[in-house]
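Note that the chains are named A, B, C, D, E and F in the order they appear, and that numbering of residues resets to 1 at the start of each chain.
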Amino acid sequence: MTKNVRIVTPVITEGIRTLDDLAPFERADLTFSHSLLQVGPSSIECEYDEALAVPDTIAKTIMAERDGADAVVIDCMGDPGLKPAREVAAIPVLGPCETSMHVAAMLGHRFSIVTVLDSVRPMLEDKAKIYGVYDKLASVRAIDIPVLEIEEDMGKVQRALADEALAAVRDDKADVIVLGCTGFIGCADAIKSELARNGYEVPVIDPIQVTALIAAALADLGLSQSKTTYAPPREKPIVGFDMPRQPDAAAAE
Amino acid sequence: MTKNVRIVTPVITEGIRTLDDLAPFERADLTFSHSLLQVGPSSIECEYDEALAVPDTIAKTIMAERDGADAVVIDCMGDPGLKPAREVAAIPVLGPCETSMHVAAMLGHRFSIVTVLDSVRPMLEDKAKIYGVYDKLASVRAIDIPVLEIEEDMGKVQRALADEALAAVRDDKADVIVLGCTGFIGCADAIKSELARNGYEVPVIDPIQVTALIAAALADLGLSQSKTTYAPPREKPIVGFDMPRQPDAAAAE
Amino acid sequence: MTKNVRIVTPVITEGIRTLDDLAPFERADLTFSHSLLQVGPSSIECEYDEALAVPDTIAKTIMAERDGADAVVIDCMGDPGLKPAREVAAIPVLGPCETSMHVAAMLGHRFSIVTVLDSVRPMLEDKAKIYGVYDKLASVRAIDIPVLEIEEDMGKVQRALADEALAAVRDDKADVIVLGCTGFIGCADAIKSELARNGYEVPVIDPIQVTALIAAALADLGLSQSKTTYAPPREKPIVGFDMPRQPDAAAAE
Amino acid sequence: MTKNVRIVTPVITEGIRTLDDLAPFERADLTFSHSLLQVGPSSIECEYDEALAVPDTIAKTIMAERDGADAVVIDCMGDPGLKPAREVAAIPVLGPCETSMHVAAMLGHRFSIVTVLDSVRPMLEDKAKIYGVYDKLASVRAIDIPVLEIEEDMGKVQRALADEALAAVRDDKADVIVLGCTGFIGCADAIKSELARNGYEVPVIDPIQVTALIAAALADLGLSQSKTTYAPPREKPIVGFDMPRQPDAAAAE
Amino acid sequence: MTKNVRIVTPVITEGIRTLDDLAPFERADLTFSHSLLQVGPSSIECEYDEALAVPDTIAKTIMAERDGADAVVIDCMGDPGLKPAREVAAIPVLGPCETSMHVAAMLGHRFSIVTVLDSVRPMLEDKAKIYGVYDKLASVRAIDIPVLEIEEDMGKVQRALADEALAAVRDDKADVIVLGCTGFIGCADAIKSELARNGYEVPVIDPIQVTALIAAALADLGLSQSKTTYAPPREKPIVGFDMPRQPDAAAAE
Amino acid sequence: MTKNVRIVTPVITEGIRTLDDLAPFERADLTFSHSLLQVGPSSIECEYDEALAVPDTIAKTIMAERDGADAVVIDCMGDPGLKPAREVAAIPVLGPCETSMHVAAMLGHRFSIVTVLDSVRPMLEDKAKIYGVYDKLASVRAIDIPVLEIEEDMGKVQRALADEALAAVRDDKADVIVLGCTGFIGCADAIKSELARNGYEVPVIDPIQVTALIAAALADLGLSQSKTTYAPPREKPIVGFDMPRQPDAAAAE
């Protein structure tokens, strides 16, 4: 019984994610699929961007379940739409922020997040509070490079990430580093090596890879989100959004 | 220098709010104005409803500032869109959930929220954590009546609210009651009397009234949200939403 | 129905407060009145000073209600006597420390207090814990100038405040500044401008102004402290204090 | 080097405390002395009573040190005046609320306080927050008998205490019981036996006895309160209180 | 590159665990192996049992790594020896208590643990504090059946578990259930069905299955515990324990 | 009724502790006795060392009670075996980490621990969480000198401790210093003087002295650990440890 994990990238920017990033983790019984938004922002760097990404992220989650996916991963460290998407899905829906934070909390005493812009720090700290792991958060640090400029100079990004990660370990006493943007995929090893070169043997978490494999594990285990927390929405008039129907409802028509 | 507070009701349901509810608080130097969504749900009872209410709530906030309003109040206890709306506005934007919780925290040792459905309890508890007043929250209780049925039998709603408020005071040791839905406007006095009849002299907070007057006070004081927390969104391509531009940007065109 | 807010300055020092400071906020339906202690210290800078200020602060609160005031504001950031004064009053009694902290918590992610002496830091941090907003407190910083020397060189005070406010925003990641002494009245605008000049658009809260207007709003709303938290004291023999009686008790004689 | 611990009973009621209560704990090198207020309330049951007890409690603390006492214990579970008294003393000043809570926290997973009136619950919970042990507090329960009626029917008081202690252990999962009024002295053994008869081997803390012996231990160890937290008050004009001078200041005259 | 996860059952009781329990989760690239203690207790129900289980659990962890295992799972909800075992291993070492709590925290608003005896409640609550997820813990409930009696009447155990799980969901507002003993393996489905029959669609976590698959995921990802939190022990004289050497040290001989 | 406090030093290193260190605190009615491990590590600097120290620490606790001791103090800041030792004893068992933290919490606003190696910081912070005083912990600082090298150059150790203590007070705003290793006995006065020379009148806690006297006080008061938290272990087969029997069980044979 092969499992398929759907990666929903909650922006409209073609090419920002390819499944090559996850190819090393495919197995005989595990495949990945992908979808991008048709409606929403080109990148997510604040609450406003996130708000406009959510409606189509929900729609793409419903479509993933209708397509037969076994789990959904929302491909952004802000976990946009995680909670409403869980309401409309029976399959597990995971966010890389929540998942990475919990895995980081398991691997060491405290963790730091190294992210794009300082303006997302309040959002990440608030999420740590809601996810219940705020006591394990050492700090949030930023390299001050906008999301859409990340791919322009990967070397510069990587050096800036390594610098901030080292400061987090040295000054903030972080024991684990979480990369704070799913666009940093592929940078973890280099940062880990740089930390080791400075005497710190510290895990560096690539959020999208971790979340994809945890999602697969939950699907294997038959576990999904609680329906007392994430009850299906009641039917009611809605104007301006043509949301797809959930598989059960669609089947019943 | 008269101040105008714009009430943005984040649903599409005509008649669910009239400014009559705030008429007693108008003054020579304070007026209220109102807007309703064109795009969104007919009521908000879960994260999904909230997600679909947010884009047009943001738009209506921008329009309020362009219309010359001095403050915006989002008229729903879920505070939908509060954070992104603050990013796009220079004038203060307030949510009744955040505001009521802070006022309740000032009036007594602990407060309880009495709301519509138990399914919104996780959301309200999470908001208390983010707003920083979770230690003051005694409990969230529900009367199990959906939002759109509230007006059908106001007597029944009021009795159910009084029962839960009394249980909150007696069993959960609440010292202040917050009505957990802006649709409960007008019920506070009856509940307060019922509590007093049982020997408990306890304030009952009507969230929309409190928030409207606190918003007016902030406008008078020249205070608004911090722009280090709520920085204006960066310009970037967005598809599918025709958002109005902020006053400054509009003026610059 | 005009409302009157009584400002009780809990020290014996003539001239330390004039109602001119609040004149800009008077309205057709809002006036301010003032009283000073006859018994107590000349300034409040530690728990000892506060302890000696409390008995007459309670007395002045009772007198305010007997005079027909609609709300009382205790004019000191230590909120001396706030809790006992609430026990003896039916009208709302507010403290600038509690009120400013809650308003600051609403305006941004975290706030810092900039105050007179580092020796009051423990007291302010403890109050943040009791008021329930400790998670939102970024730091308490001091300019190391005693209260009674503030008026000697307002320019120096203002520069020191701006320096510490800037350090709070830059180093402690504060998003909102609260002036930590009611003697700093009138300094907020200059500090806000200085922060803006350094690129930080951050609200600066003048505690006595904010508290006066929030008190007026509560009076307008008919809200006051909970009597389950602040029950009236039982009658019992007391020696050495000639406390005035509450209006009801006085009327009953 | 014999040590003397001064018990300061912060009320004016003659006979409410005798040193017989501590006689079993006297040793060759440990004696107890006692003082009562001349100015203040006859019992302490709310913030108002506490406020009027504080000035003379401070004075009695200064006199204790001038008399050569080695430590001071404030004889009331509200710890009235604990913080200002520490500012004016070089010798350790202890409160039974703070001390009992910390000892209780050491003896078991969580503790409950069984006290006189439910109206002091907010005060005790707030103190647990400030003292840093709120996470260890299971509950505060009350027998609803005013302080001055305790001695009228000790049998009734003891039965009521045992009932509430049993409910705390059974329903609130308390592992340690703290008697919540220093007037309950002598009741601990009977309550402990009653709990044991119900199958619960749980320590019952008599706050004044515990605090007296911990105060003696601190005096033996040469430990006292930190002067960075409790700095001596600055000299300044004060009207209406004729406070004694601290030993050093008095000696310098 | 097939991965092997070693299950270390930290008791001496033959037959209490067989790999059949994990057979459904084996894959082409994932196998499980098992070891039992030679030295230690027959079951773990208190801190004393746990203390005597730890030394050989550490030894078995070292042997697992020397045998080429890719991850270790300690097979007991007390996570005995988790921290020292992480110090002596380069491969990831996981405990079912820590792992289940974090997964439960991801699946719903709050979770409850249903365990064997009430005497382990303090230990589980303390672990939730250290693991950083205490805010997400609704309650710990016990069926009051000792570990070694579980297998005597599996039907009775399952009914008792379902009863307590239902009480947790209904009365404690739990959204996720964690089985609080690795001896409850195989019970999750029946309890989940019983909850569903009562109207609650709530995930039930089998701790050993979840932990085994999360361990496999971490091994696939190349992630292991931080060596700043879990530094290797310094060499020093030790008497009475003949601990095996870590693979590197053993190879160097 | 003379009391005897047994100091159990949980390592095998002869001479690391002599009762001379406690001689100044002996009284007519208070004596100290001592025991060392036969089985365990030569020093404790990580979780691994601690794990191997625990079994014989438990045995030595049982023997202390059989010898007629009135209280046991475990002589290591990691409090190794504190919880299991409490399960097997009726007399009070205290750990210097727990006891020092609670006493420090009573003496000032926040405390810092100055210890041997940074690698024990996570363990000390976790203990502060479990003991319930994490909010009062300002910082943990280390001098980076291993335990077994402390006696080699006491002057160097003392200077390093004074430097870190000063940094804790100045930079981390600590109000009380706790020496973080029981090997630092005798250093407190010198550090206190050095802090005073820098203008900080701050208590410095010698953990083993404080704990010994608090243990004596509890013995005098007839207080011991709660048996609902620390229930005696159930009888069951155990292999590889020849643990002594508790006094009652031994007597019954």
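Note that a contact is a pair of C-beta atoms (placed from the backbone, for glycine too) under 8 Å apart; a residue touches a chain by one contact, two chains touch by 3 or more.
Keep in mind the model is a prediction, meaning the values are calculated, not measured.
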| item | value |
| --- | --- |
| Third chains touching both chain C and chain B | A, D |
| Touching chain C and also chain F, the following chains | A, D |
| Maximum centroid distance from chain F, chain identifier (CA atoms) | B |
| Centre-of-Cα separation between chain E and chain A, whole angstrom | 27 |
| Cα-centroid distance, chain A relative to chain D, in whole angstrom | 53 |
| Multi-chain contact residues (two or more partners), chain F | 109, 122, 126, 129, 135, 175, 229-230 |
| Inter-chain touch pairs (all) | A-B, A-C, A-E, A-F, B-C, B-D, B-E, C-D, C-F, D-E, D-F, E-F |
| Residue numbers on chain C that touch chain D, as the complex places them | 12, 37-43, 45-52, 54-56, 58, 81, 83-84, 86-88, 119, 122, 126, 129-130, 146, 148, 229-231, 233-234, 236-241, 243 |
| Residue numbers on chain F that touch chain A, as the complex places them | 121-122, 125-126, 129 |
| Residue numbers on chain F that touch chain D, as the complex places them | 25, 27-29, 92, 94, 98-99, 102-103, 105-109, 131-136, 169, 175-176, 200-203, 205-206, 209-210, 213-214, 216-218, 220-221, 223-230 |
| Touch list for chain D against partner chain E, complex | 109, 135, 173, 175 |
